[in-house]
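The same chain A turns up in both complexes below, where it pairs with chain B and then with chain C.
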Partner chain A sequence: MNRWKIIEEKIFIALSAIATYSLIAVLGLIIVIVFVKGFNALSLDMVIKTPKGGYYYGGEGGVLNAIVGSIYIAFGATLIAIVLGMPAALFLNVHLVRHKKTQETIRYLLDVLWGIPSIVYGAFGFTLMLFFGLNASLLAGIITVALLVTPIMVRTFDEVLSTIPRGLHEASLALGSTKAETSYKVMLKQGFSGFITAALLAFGRGIGDAASVLFTAGYTDLIPVNLDEPAATLPLAIFFQLGSPIPEVRERAYAASTILTIIILIISLSARFLSNRYSKTNIK
Partner chain B sequence: MTNNPTDTQVIQDCTILSIRNLNVHAGNHHILKDINLEIPKNRITVLLGPSGCGKTTLLKCMNKLTDLYRELKVTGNIFIEDDDILNTSKNIPSIRQKMGLLSQRPYPLPVSIYKNVAYGIKLKGIRDRKLIDYNVEKHLKEVGLWNEVKDRLHSPATSLSIGQQQRLCLARGLAVKPRIILADEPTSALDPISSKIIENLFRNLKENYTIILVTHVLRQAIRLADHVIFMYNGEIIEQGTPDELFNNPKSEKLKEYMVEGN
Partner chain C sequence: MFRRIFFDRTTKTWMITTMVIILLMPVIIGVGLYLKSLPLLEHQSLRTLLFTSDWQPSQGKFGFWPFVAGSIYVTLIAFVLSAPVCLLAGIYLTQFASSRLVKVMYPVIDILAGLPSVIYGVWGILVVVPFISKFLAPIFGTTSSGYTIMAGGIVLAVMCVPYMLNMITEVFKTVPMGLREASLSLGATFWESVKHVVIRKSYPGIISAFGLGIAKAFGETMAVMMVVGNRVQVHFNPFEAGYPLPALIANNYGEMLSIPLYDSALMFAALLLLVIILLINLIFRYFIFKTRER
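On to the complex of A and B.
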């Protein structure tokens, strides 16, 4: 190799390495800053108490209302996404397997839905809410977030299903399985780790989104006990506290961010753990 | 094809599957051209020919896996025991259960060894645990796998070697009680020893099943065939007994193939 080629090679390796490691550094920096800033305000009270009078002026209490509200909304929305998304992804890969054009069109439309900003879902959810005469409530929040996360759920699961070898699909049908048996006994089994990843990704996206719940879920200091009551969410708790002129309250916003980040870290770690666990019998 | 009327008569009497004027098009491409053939019962019929000559497509027509490909237009008749499966209103799964499929590489289901065979048994509507256990053992013995796996029936099927996986797939196929075994180059991914085991299994299984074996390996055809169909470029060039075809090939294509194949 001549000298220039060696130099060229070194420059490209260096540039790629810088790009890769700076991305990781940014992620690390976000986590460190959020944790450091939130650490002072993070206390057991933050996690186990709801806001008391004067909380937003530095008074006593915590963000339990928002933690519970967020979990309710993300859980409800993920449940809807599973109920709609799992059959949709299986239908796409088993029943529509001979209709390539329909399949591609549906995938494209789902990708468009995935790309729509969450504030648009928020606005749509708000219109829907007014149309049905609902108030800002847990139910309206769940439905809106479900609209946001279902395309993510379907496409993520669909990507995994579409990598399943055609031979396995054919082997199942050749045995005389119906399409439904092929879907739920073979494809779902083979793609189960992908299904878990998809559901947890939907949950993670749902729990962290602020714009879709801004108008639809409302905000309250209480923990909702009914679907028609408003629900607080962590992203909005962060948003409201971060805008406060009082430094103590702003610190609590970082504490709430820390809590949200920890929840999301737990979810992505469980996604990894569970998907490894369920892929043991998978054919390669 | 043989001109001896008695031979033809014998084949017709024990025909299990016959194909009439079968044509398959993919767009403008004519993949199978006017196929007519008879598959004798309890024999090994070998579909021989170079890669891309339409052997696999012909096999997929027989169990209607061509349905998965919208671009394939299939016309003609395929009779299995007097049922025209291409134009029948019978449900497809029950037609497919008359045939077991063994593909080029094994595709066990993503479950344990036991459940792979039990899946086939349950498809036949059997729910009784003891009967399932009995049949799992029976079919695993049928393919000579029982002694190798009896202590690890609940391990993933993928923990088996590829040759064992192929035999497991065969056992799973036998569990739905087919009449015919469709084998699409079943030994092409296997080592010589595993291939030999599969070939010996076929020799034994033909007592109870009809085997249609797709291969491009001339030697394998010579070793196994009771009836040979030589295909080239989507057409049947010659068919008959191995003796007729291999000792006295009539067409230039087969002569050429035999020279290259040896």
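On to the complex of A and C.
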């Protein structure tokens, strides 16, 4: 009986090790394959040129329009998410700190909100667009993506704020500062690393999300100048080019997905780096 | 003094306003989509909408069953493939792995969870689709283009792994060390204490992680749409093309304003997704919420 116990343990440890290492292998392969495929077609032209005539038949040009469009949309959406999300997260951790039940319920609702798929936000953004009589434009895209990333922003920032020691908060109040001053001068400063992480996470989600901008941002070969012009986005550029029957265009889709992956990697690595940097001076 | 209080008041008002806006968002989204899908609901009863499979928008026939079935099928495959692997990897990472591996793994999981779904779709087209048409389908004695329900399921499974693994390791970490030590000191092997103590203790958490993984898989759009084939049919053969609900919405936005009731049908599909996913989320998040409270 004792031997069986030990054999069982060995088998399961081996199984779980296999599961883990095969996961690492598969997930690593994703990035490697996308990179290897993409680097063949990747050139400077891809990054610094907009599509010229005949681009979608294998002609000259690049995907600069999509890169810039994506960054505009993600930036605008992150800005709205900061304006809406930062006060909400501070409110949750400063004003509601004595109402544990309400606080937890709100966190629960925010988590649920996080789970709504982006295509639903896209469809809703489309109904909003029709309601306000907007066309598919940069503005509509920004609003839709902002709806999508705000819960993410609030929850991530809140996660860091909730670890700030209660004493710090109380000390600030005891010195006679108002709750607003406590929020912005103590909590925000102490949780600044979380704020950066949250903003960059929202930005990354905004750049990478395709389903929500599919309806709302439209697609164009030009770089948008005004808020009411349509804007191309990188994920959609990848998606449309992959649908092409011409091999060169598909190659470019792989290159564009390499660009997107690199942008996402830069964002998440800099989020890590900045959050470490800003949490160094925190009061423990 | 007055200025400080004024500042305090205004920020408080703004904070409450933003909070209310954010919390009301699902309600507003639901109502908006419901109002948009009202014409369709007046045109056909909910039952015929959901459970008939006659999809001819130009003739005013909207049967959502192929899409609902496709979504369920894809999600099911994804779940069956990813859940056991996630559970085992979660156990390994929290109980057996060296701390060096763990230190490397967490950032990697985080980064992978943040990769856009289009990238997973590209990977699916590059790897999974040829794998199915050249390798998996011949094994089962059929031929297939590769753009199948199976491909959608595999891509979804890979996408869900970082998401579910994150939650599962989170859950396992909350099991107190003392409990494990007590079990070990009673003579149990490592595996036995995992099986009888760690897993039992975190049972609700594991179930909720699985549930939320299912919800995520159900709502995933781009990656699935790129590999699943998008043909309207009800099939039990995983080597046939399918057409999940999110793909329906995403694929037809261009033509939806040209056919009467079509836009309403697509908004109904979005509403359906929203309701299903909100329900799954509300239920399973509640489990997590309860365990966190304790």
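Following the convention adopted for this analysis, the second predicted complex is superposed on the first by the 260 of 284 C-alpha atoms of A that agree within 3 Å, B and C clash if a C-alpha of one lies under 4 Å from a C-alpha of the other, contacts with A are read in each partner's own complex, and residues count from 1 in each chain.
Rule of thumb we're sticking to: contacts are C-beta pairs under 8 Å (C-beta built on N, C-alpha and C of every residue); 3 or more make two chains touch, one makes a residue touch a chain.
In this text the structure is predicted, and so the values were computed from the model without any measurement.
When the shared chain is aligned, chain B comes close enough to touch A:L173, but chain C does not. Which of chain B and chain C touches more residues of chain A is settled by the count: it is C.
Look at A:G194: by the touch rule set out above, it reaches neither chain B nor chain C.
Looking at the shared chain after the overlay, A:V97 reaches chain B, while chain C stays out of its contact range. In the superposed model, A:L113 makes contact with chain C only, not with chain B. Contact with neither chain B nor chain C is seen for A:G206 once the two complexes are overlaid on the shared chain. Shared-chain residue A:V186: touches chain B; no touch with chain C. Judged by the document's definition of touching, chain A residues 178, 181 lie at the interface with chain B and also at the interface with chain C.
Within the complex formed with chain B, the chain A residues making contact are 97-100, 165-178, 181, 185-186, 189-190, 280-284. Chain C contributes residues 4-5, 7-8, 11-12, 14-16, 18-19, 21-23, 25-26, 29, 32-33, 35-36, 84-85, 88-89, 91-93, 96-97, 101, 105, 107-108, 110-112, 114-123, 125-127, 158, 161-162, 165, 189-192, 194, 212, 215-216, 218-222, 226, 246, 249-250, 253, 266-267, 269-270, 273-274, 277-278, 280-282, 285-286, 288-289, 292-293 to its touches with chain A in the complex. Against chain C, the residues of chain A that register as touching in their complex are 5-6, 8-9, 12-13, 15-20, 22-24, 26-27, 29-30, 33-34, 37, 83-85, 87-88, 90-92, 95, 104, 106-113, 115-124, 126-128, 131, 147, 150-151, 154, 178-181, 183-184, 201, 204-205, 207-211, 214-215, 235, 238-239, 242, 253-254, 257, 260-261, 264-265, 267-268, 272.
Chain contact summary for the complex, chain B toward chain A: residues 63, 65, 67-70, 93-94, 96-97, 99-101, 103-105, 107-112, 119-120, 123, 156-158, 169, 172-173, 176, 182.
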